[in-house]
Structures are given as C-alpha cells and as structure tokens.
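Below: a set of structures, written as structure tokens.
Look for subunit A in each of the two complexes below; its partner is subunit B in the first and subunit C in the second.
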Partner chain A sequence: MVILREGICPGINEEFIKALQSEDIKTVEDFVSCNPEELAQKCSLSYKALVAVRRVLLAQYTAFPVSGADLYEELLSSTAILSTGNPSLDKLLDSGLYTGEITELAGSPGSGKTQVCFSVAVNISHQLKQTVFYIDTKGGMCANRLLQMLQSKTPNMEEQMEALQKIKVLRVFDVFSLLACLQNLRSNGLQKASVGGGSVKALMVDSVSAVLSSMLGGKQNEGMSLLMQVAGELKMIARDFSIAVLVTNHVTKDGNGHLKAGLGQSWSHVPRTRVLLQRIEGAETSSLRTATLTKSSRQACHLVEGFDLCHWSEERRTSISGKRKLEERSKP
Partner chain B sequence: MEFRNYCAKINEMTARVRMAENGAQLVSRLEGRQSLRDIEPNIFPVDGGPGQGDVVEFHGLEGTGKTETLYHVITRCIMPVQSGGLEVAVVFVDTDYHFDMLRLVSVLEGRLAEGSKEGDGSENESEERVRSCLCRLSVVHCNSSVQLLLTLQYLENTFSSQPSLGLLIIDSISSFYWVDRFNGGESTVCQEANLRKCAELLDRLRRNYGIVIFATTHAIMRNYASDPGVSEVPGSSSSSSSSSRRWKAKKLISSCTWTALDIFPRILDL
Partner chain C sequence: MHRTVPSLPLAPSMKVKLINAGFQVASDLTDMRPLQLCKEAGISQEEAVEVLQVLRDDGQPHQQRAATESLTALDLLHQEQALGSIVTFCSALDDALGGGVPVGKTTEICGSPGVGKTQLCMQLAVDVQIPVCFGGLGGKALYIDTEGSFLVQRVADMAEAAVQHCTLLAEDTEQRQALEELTVEKILSNLFLVRCHDYVELLAEVYLLPDFLSEHPEVRLVVIDSIAFPFRHDFEDLSQRTRLLNGLAQQLIQLATQHSLAVVLTNQMTTRVSNGQSKLVPALGESWGHAATQRLILHWEGLRRLASLYKSPSQMEATIQYQITVQGFRDAPDEPRTTPDSSAVSSPSGNHSKRPRMEDLS
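Right, the complex of A and B next:
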C-alpha cells in the first residue's frame, strides 16, 4: 500500500491530495485504478494534470517488461554452476549449485546438513576462489572445523587464511534480524563485498527453519507472511545478483510416514532443488550418508547417491540404488 | 481572431481524441487477436481450446508440472508458423521469481529441432531462430500485489498498441496471499482489496482486448479431509470442511474463470 503524499511525484501538492481525499482516494493504487475523466469531473482537477500524474506514478512504481531475448543474453553471461566438491552430490545436482536458484538441504538432526554446508563453503572459497556469505541462525558455525577442512586440502597457511577470509559469517537468531540482514545485503552489502575483491557467488542460510518454525502454527498469519517475505528476499538476491542460495531445513513425516521437508506447503514451492540427507540404517555411528533428490527441474526425482562426510572429494565406489532404498523403507 | 480561437478549440478536442485511441488501436481492438484454440492439443480437446477472452487457471501442488506446462504453451505460441507455432506474442508476469529462461530455451530448442526436417546443422542459425522466437516474449517480475496491480495497469497500454499480443500468463497469482492476508489485518475486505482490483482489471482486459489469460495458483492449504500422500489425487473441494478453507483469492479468480484445470501427475504426459 503506497499512500499518496505531497512530494511523492512532481505535480502533487496539498490541494491535489485534499481534492482526492474528498473522493476517498488515499493510496496510489486507488488513484491509478480510477478513470481520470470521471475523477476530473468529480474533483474539479484538470484532466491533463491527472493524466500526467498518473503516468509519472505508473512509471515510478511499475515493473517494466524485459524482452525474452535480452533476458536470455543476460542469463547466458551471468549463470554459473558451482561445484560442491563432492562428485556424488554434484551428480545429484546436475554438476553443482546453479546461480540464480535456491537449493534446499533437508535432513533430521545429525544427518550432516551443517557439515555439508561447511564443505561446500570451503570448496567454493578455496577451489573456486569466490566469496561466500554464511548466515548462521543456530550457532553451529565453527571456524575451527573450517580450518580443519582447509588444512586437509592444503598445507599452505596463506592459502588457508585467504580461503577463510572469503567466507563471511553473519549471525542472526530471529526472523526479524534475518529479514533485516537480507535486506541489508540486497541494498548494499553484496555490492560492497564484490568491490573489495572476489565476487560473491554463494549465500548459505543454516538453517532457515530454525527461525521460521517457531513463528508458524495456530491461527496467526504473521508467521506465514514472514515466511513468504524471507522467501521473496532470498529469491531476489539469487536472481538479481546471480548467486547460488543454499538453505537447510528440518524434516517432518507426512501422512504415510515418509520423511518430507518442513515448513509446510507454502515453503515447498520456494526452492528449485531439494536434497534429502539421511544416515545409513545400521551404520549410525559412521560418517556415511545418503542423499536423495526429492525435487528437481532438471533430473528425474528419487535419485540416490551415497557419500562420506569425512572424505568429501572422493567418489564413493558403490552407490545405493533406488530399489534397495524402497525395500529398506518397507521393512517394518 | 475568432478563427484562431476556433482552431485552438478544434485542436484541443482532437488532441483529447488522440489521447484515447488512434485508428490502428481501434482496428486492433475490434478485429480481435489470433485464435489460440489449438494451443495445446494434449490438454484441450480439438477446437475446444481457449477462445478470445477466456481465462484458464492451472491449480496443483508443487511438482505437478504447472510451470512446465506453461513453458510448453509459451513455446507453441512464440515459434514461427513453419515450425508448428502460432507466432503470437506473450507477456509473462512472474510473481515469485520462478521463471527459468534456460529451461524454456531447452524446450524451445527441442521443439525447433523437431520442426525443422532438413538438418540445418549450423549452430548460429539455430541460435538466431531461438532469439527471434524469444523476441515475442516479454517477462515482468513483480514482488508485491501493489506492483502487480500497477504493472497490469501499465500493460493495458501495451495490449492496446500491440495487436499481436494474444496471451497473458501470470505465474503465480497466489504468491502474495499470505503477505496480503497479514497486511489486511482482521478485515477480509482489506485483505482481498488488491487482488480484487487485479481481478477486475483482468476482467476488463479480457473483455476489451480479447486476450487469453493463463494463471497458476499453488495449492497451499492442506486438505485434511484426505491427505495427498505421495502421488494421490488431492481431495476434491466438495467436502464442506475443506471448501471453507479454500482461500478467497482463488474464488475471485474463479469468478472470471471459465475453465479450470487441476493438473495431476498421472495425466500430464508432455
């Protein structure tokens, strides 16, 4: 709702606003929806002035159409695929994280979501030499663990420090500060970071459900509205700055007892790709995990790959096929 | 002196008429747009497709193929006639930044390759063809229902001045539901105000200019009467408990919808 105020555009002064208010027109959308001819007769304002103001307001607040060909050119030059560093995960994600999209990692506690985020961040900052923004909402960010991962990749101290500097950590613990942080990033944070050297190519939010799930439920609408606002901000950042966004989410069970990502149906439309992480049954203490592709616009769903959290860059020899997974699920 | 005043008056009057509509615009409005009746033979019956001024709503859960269907429909519209298309310009209003141009181009390239029987071979030529098709598509991103309303107002001029524009796609029209519902407070009238104005405007556009409108809506309310599970058909809205939960914006769109399509995973076989 945009309220008509003096100075909102040239040609609107106090008497103009008063004349409109007498016809109960207080917002820009009411003004634009009215027919200027009828308004000119009722308000005794000049028709030309009304049409001119209408044109200026529309130019100010409308989104302008872009030709498909121009959009395609832009995307061709700005889209990139960021490898995660793990060949199995790359196979699932069709060679890696795509910029301009939101990818979601869902899993139960201890399934390795934060470790996967760390590994991907380390790979992007060290291997691909790009800046990563990491928004930590759970307090799980541990710089020592990042250093440990870097030390296993290279013994050179300088390289390790350089890679660590490219990972920028932001700590927020409630949804309002998350929204403020994202809006800040969108308005000036990302441009500043890319000016300093090294472009920002990835944004991770670990985890988005930690701040949102407490706001949902019951009859309140505020939680859903905040969820959609967070989704909108993430999408705008991904699209306008050509950044790959990776978010983590918890899991719940649906009516048939199968695992599905949390935060409900409204959130499920938001990520373009979704990967479900699970421990391997019977090997709970090991670092082996399975990743199932549950939503993708590029590959067939329900592809399963196994990988080892400790040996990130190695390819697993045997991968669990989809059939065996179904058999395991149907066991009582 | 008198003659000059008389001329000035005539100029003013004709200027006003010019502001309204010029000859070409009048003809384009009266002549009508190209028919889209055979736009998608897989979904609509033969010669039973959307006529001028029809509104079609695609409704379904996530992953049921609504946006994918739209890509196929867009491809059919923007391709040249010799490749099997309709050469109709399309405006795509994207409200949740969901539009994947790369996916659309891969669908378009597939269809163009099918359409061209002799192996053209040259990559430059196919790029050129893709680009010339994409010139018939315009994409607009809206991030709030106010911006959607104002953009549709702005697009009214575009529709009146371009007779080749035959299709308006809004994907999806339900994305501002929760934000509007919270901003409107307790009164449902306030909550629905923006979307109601959008629906009235769309009604005016389709009546005056004869364009076809496709809109998608997400199924965001869970129907507790019958849980969808993995791939079952979502429960029908005939049960009384769930019909009251159907959100009001969908009713607004339904008031000017003549055909509604529920997309189920099994039926769609594109």
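Right, the complex of A and C next:
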C-alpha cells in the first residue's frame, strides 16, 4: 500500500496530492484504478498530466510476469555450485552449495557447525578465489583457526594472506543490527565489494538463531515479524546477487526426545536445504561427525554421510584435501 | 539510509502507526519535524520525538560502522594476536586453551560442586592483573558474585603466591620495577566485586555494564559466578528463562567484543536420565549450550580433577588434569613438565586442601 507523496514521481506536487485527497484518493492503487477522464473533470487537473503520472506509477509499481523458459535460461546462466571442500558433504548437498539459495546447518553445541562454516569459507576463498562475507553473531569467528586451515592447504604465505583478505567479517549481536547489516549489504555493500575485484559468491550467518531466539515466544508480538524480515533479506540477497547463503541454527528436542532444528515451523520453510550435524554416539571425544539431510528439493531426505572434522592429523600426513571420508577408514 | 521502517528498534505499536501513515523507509522520516510526524502518524509529541531520536542514534557513526564496515580476516588476525589471553597458572590447561582464557570471547566453566570453578575464577581475577612485561594483561577485573562464594582471604593468598612467583621470574630492570608496584593490596584494589541476589539484579547489572566499562577501560575480565544459580530456583516459566538467558548471552558477547575483555561464566551440572542411564550434563538447558563461545567442563575421576575442553572454535578437544593447592589453581603433580618456565608449584604433600593443615606444618 504505497501512499501518494510528493516526489515519488515527477509531476506529483503538493497541489496535485491535495486535489486527489479531496476525491479520497490516497494510495497509488486508488489512483491507477480510477478513470483519468473522470478524475480530470472532478479535480480540475490536466488530463495529460494525469495520464503521464499514471504511466510512470504503473511502470514503477507493477510486477511483470516472466515466462518459465526465460527464467530457466536465466537460472542456467547465473547459478553456480560452490564445492564445500569435503567430498562427503558435497555428495549430501548434491555437489555443493547452490547460489541463489539458503542452506542451513543445524546441530547441538560442539557438533561442528562453525568449523564447517570455516572450512567452506576457506575453500571458497582459497580454491575458488571468490570473496566471502561472514556475519558472526556469537563471537565464534577465530582468524587463527582460518589461518591454521589455510596453512594445511598451502605453505605459501602470500596465498594464505590473499585468501584471508577475501574473507570479510561483520560482527553484529542483536537482530536490529543484523537487519541493518543485511539491508546495507543489499543496497551498496555487495556492489562495493565486487568492484574491488573478485565477486562475492557466498554469505554466511553464524548463527541466525542466536539473535532471533530471544525475540520469539512469550508475550512478545514482534518475533515472527523480525524472523520473516531476516528471511526476506537473506532470500533477496541470495536471488538478486546470485550468492549462496549458509546459515547455522541451534537444535531443540521435540516431544519424543529427537533432535530437531530450532526457530520453529515458520523458519523451517525458509532454507531450501537443511542439514543436521551430530556427533557419533560412543565416540564422543573424537572429531568424527555425521551429517543428515533433513530437507532438500533435489535429493531424497534422510541421507546420512560421515566425515572427519579433524584437520590437524591431515597436516602431519601432508595431504592436500581437507577431510578424510569415514568410509575410507573402515575399509578392510 | 536504507533501513526499512519495520526493521527499526522501535515498539511494535509505533511501527504499525508509522506504516499505516505511509512511511516505508527510514529516509522518509529523517527530514520530518516532530509536529509534522505527530500529525501525519497520529502519535503523541513525546513519541514523535522518541522516534526521531532513535533514527538519529541509528545513524550515528559508530553504529553504522559496526553494521557496515567489514574487517577482512587478515585484519582480524592482527587484532587477535594483539589481544592476548589470561593465563591460569596451570600450564596444561593453558596449552589446551591455546595460551589461556581468550580475550574477546565468552568462556563457560561447568562443573559439579566442589570441583574448583570458583577457585579458577578467583585465580583468573588475580592473573589478569599480572603486568604486561611478565606476559600478562595488566588489567582490572570485575567479579559478579551471585552465590556468595567469594572469599577475600583466599584471593589474598592467591595474590601473594602470584607475586612470589613473579618475583622468582623477574630478570631485567623493567620487570623489577613493575614488581615493586605489584603488591597484594594493589591486586585486591583492582578487583571490583558486585553481589547480585537474584536474576533481576543480575540482568540489571549486565544492563549497566557498558557505562561501567566506559568509565573503567582497564577492566579486562568479567566473571559471573555463577550464572546458573539465580536462574535455577524459583523460575516457573522455562521458556522465559531460555529467552532471558539467550538475550543475556548476546549482551555479554557484545561487551566482550566491543571492550576487548574476557567474559567467564560458571555453570552448574544437572542429571539427565536417558535409556535407563544417568549422565551429568551442564545445567540451564540445551539452548544455553550454544550461548558461550568456549565451554570447559571440570569433573572428578576418582580422586583426580580433570578439565575437558568441550567446545571451542579454535582449539581441539582435550582433557587435562589439574589440582587446587594453597597457592591456587595449578598443574597436577605427576604431569611431566617439559617447558622450563612452567609456572606450577605443587604443594608438598600433594593433597587437595586449600589451607595448610596442622598435620602438614608439624
């Protein structure tokens, strides 16, 4: 419902608006649904001016349908698949993170969500040489750890520094700052970053539940609105700039004691793909994890893959890829 | 500015009135005078003034900088290296934590009663004051006590042991000079103590912390011992408790990052029964586990005290042994010490008592 104000279109000034208001026309919708001839007679405004303003407003505020074939062509040319660096996780995600979509990682504390985000960021900045934006809401961003991961990939210091410069970190701790940050990124932040060379291909938010969970529930009536605003901003950023968005979420227990991702039913529709990370029972102190696909539009759900978070043993072996597959170790 | 009106930090009823009056974006509002806004949106004059004030605060340089300017990971690396960490005087624990309790992050210490959480907190409150030339931070500490377990005499003993230890280490003139100023009285006077009796006082104290920290910029450590106690008894509405705790955790990590300090929280343990077996897990629920950046669990194994690093963004999980002595929190006696400048001094009889007993002295 856009209200007619001075300046939303050239040709609308205060007298124009006053004349329209006398006929009880306050919004753009009221204006375009009226007949300009009748309006010209009743308000004593020039017919030409009315028609010109009507044309501009229609062009500005209507939605134009796109044919399915054009949409398909556009998607084919603009979508990219970013590998996460871990073959098991790639298999689970149908070869990686898709740009234009939101992917969610959920898991209990210590299950490795932040580590997976780090590994993906390092892979994108070092292997694929693209810029990554990392929004940290919990203080878990540790540049030392990123450096450690890069050091295991390449001994060349210049390459490490270059990769570190491609990861941009933003630290916000409450939902209003997060919204300000996302809106700013959408309006000029992302364009500025891609001007400097190296396009932005990924945005990570770790974690989105830390800022939203204190606003939901109880007598608060704003929580859902803020959750949907965050979801809207993330989706618009993903779609308009062809970026892969990765968010992390906490877990809660449902009635039967099974783990499920937090933030409720409304948030569950927002990400396109959802993965649940868990420690392996019985091997609680090891670095092995399982990832379960809980929502996907491309693969059958409840696929499980195991992988190893541990990078340190890889350094001693001087292997190039980041993680070993669980299956390899259990081969006889 | 590109902020939409629904995303502004205003009361929901106010936002509804503004949106109904046709304001979609914050930039529509910035040029309005209070009287104009009052008439158009149908709100009272005080509310109009408040709305414009919020918009002006939002457009402040430091707020904008936080939300818009990003650091590259390289800049963050330099910052982290400059921040340092607080040693615990237990070299095994320091190694496991990557140098000590990190500054700029929140650390949670969970443990059963009597395992040494308050001892570790008091030790950290002393250790943060070690001068920079000895490898410490030379900062002050704020201790928020909710259980009433803070004992000044114990801190004085720990402070004296720390001063003695630094005296043994002093080599050059700069260190000797710093040592002259380092006395037990000075250490105690740099420790600010707050006593909170229930959760409302605790929330109020955390709310007032930004002002306190701006007045005392040398504070490098905030300890809340314990955060579980006021929230565990007399709380009927568990979902409200979870919300309050999450909000508190976000405020604390914001303080830790903005003022470059280490925040240490103590938590209690509770029993979880599953599949006919019972297990000790940290209290305050599943979602509280996500709140702290690092989690350290202290537990008993027979007569030994062990510390496990359970969750950390940069360190690997590890379990080490420690002990509590007259001097404070130290390494366990049978741990082989490889580094020559290790700081542990074990008590002569190797027992776990804190005061020297009559039998030992005789």
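Things to note:
Heads up, the rule we're going with is that the second predicted complex is superposed on the first by the 268 of 332 C-alpha atoms of A that agree within 3 Å, B and C clash if a C-alpha of one lies under 4 Å from a C-alpha of the other, contacts with A are read in each partner's own complex, and residues count from 1 in each chain.
Basically, a residue touches a chain if its C-beta (ideal position, glycine included) is under 8 Å from a C-beta of that chain, and two chains touch if they have at least 3 such contacts.
Because the structure is predicted, anything quoted here is derived from the model rather than measured.
With both structures placed on the common chain, the touch criterion links A:2 to subunit B and to subunit C.
In the superposition on chain A, contact is made by A:189 with subunit C only, not with subunit B. Contacts of A:29 after superposition: subunit B is touched, whereas subunit C is not reached. Of the two partner chains placed by the overlay, subunit B and subunit C both lie in contact with A:229. Residue contacts after overlaying the shared chain place A:11 against neither subunit B nor subunit C. Considering which of subunit B and subunit C touches more of subunit A, the answer is C.
Of the two partner chains placed by superposition, A:87 touches none, neither subunit B nor subunit C. Once the two complexes are laid over each other on the shared chain, residue contacts for A:306 go to neither subunit B nor subunit C. Applying the stated contact rule after C-alpha superposition, one finds that A:221 touches each of subunit B and subunit C. When the shared chain is aligned, subunit C comes close enough to touch A:137, but subunit B does not. Common to the subunit B and subunit C interfaces on subunit A are residues 1-2, 221-222, 225, 229.
Those residues of subunit A that touch subunit B in the complex are listed here as 1-2, 28-29, 32-33, 51, 57-58, 61-69, 71-72, 75, 79, 221-222, 224-225, 227-229, 231-232, 235-236, 238-239, 254-256, 258, 264-266, 268-270, 272, 295, 297-298, 301.
Residues of subunit B that touch subunit A in their complex: 19, 61-63, 68, 78, 91, 96-98, 100-105, 130-131, 133-143, 146-147, 149-151, 153-155, 158, 175-176, 178-179, 181-183, 194, 197, 201, 218-222, 227-230.
By the touch rule above, subunit A contacts subunit C in their complex via residues 1-3, 5, 108-110, 114-115, 118, 133-134, 137-148, 161, 164-174, 176-177, 179-181, 183-184, 186-189, 207, 209-211, 213-218, 221-222, 225-226, 229, 250-253, 257, 262, 285, 287, 310, 312. In the complex of the two chains, the subunit C residues touching subunit A come out as 2-4, 6-9, 12, 21-22, 24, 28, 58, 63, 66-68, 70-74, 76-77, 79-81, 98, 104-106, 237, 239-240, 242-244, 246-247, 249-251, 253-254, 256-257, 274, 286-287, 289-291, 293, 295, 310-311, 313-314, 316-317, 319.
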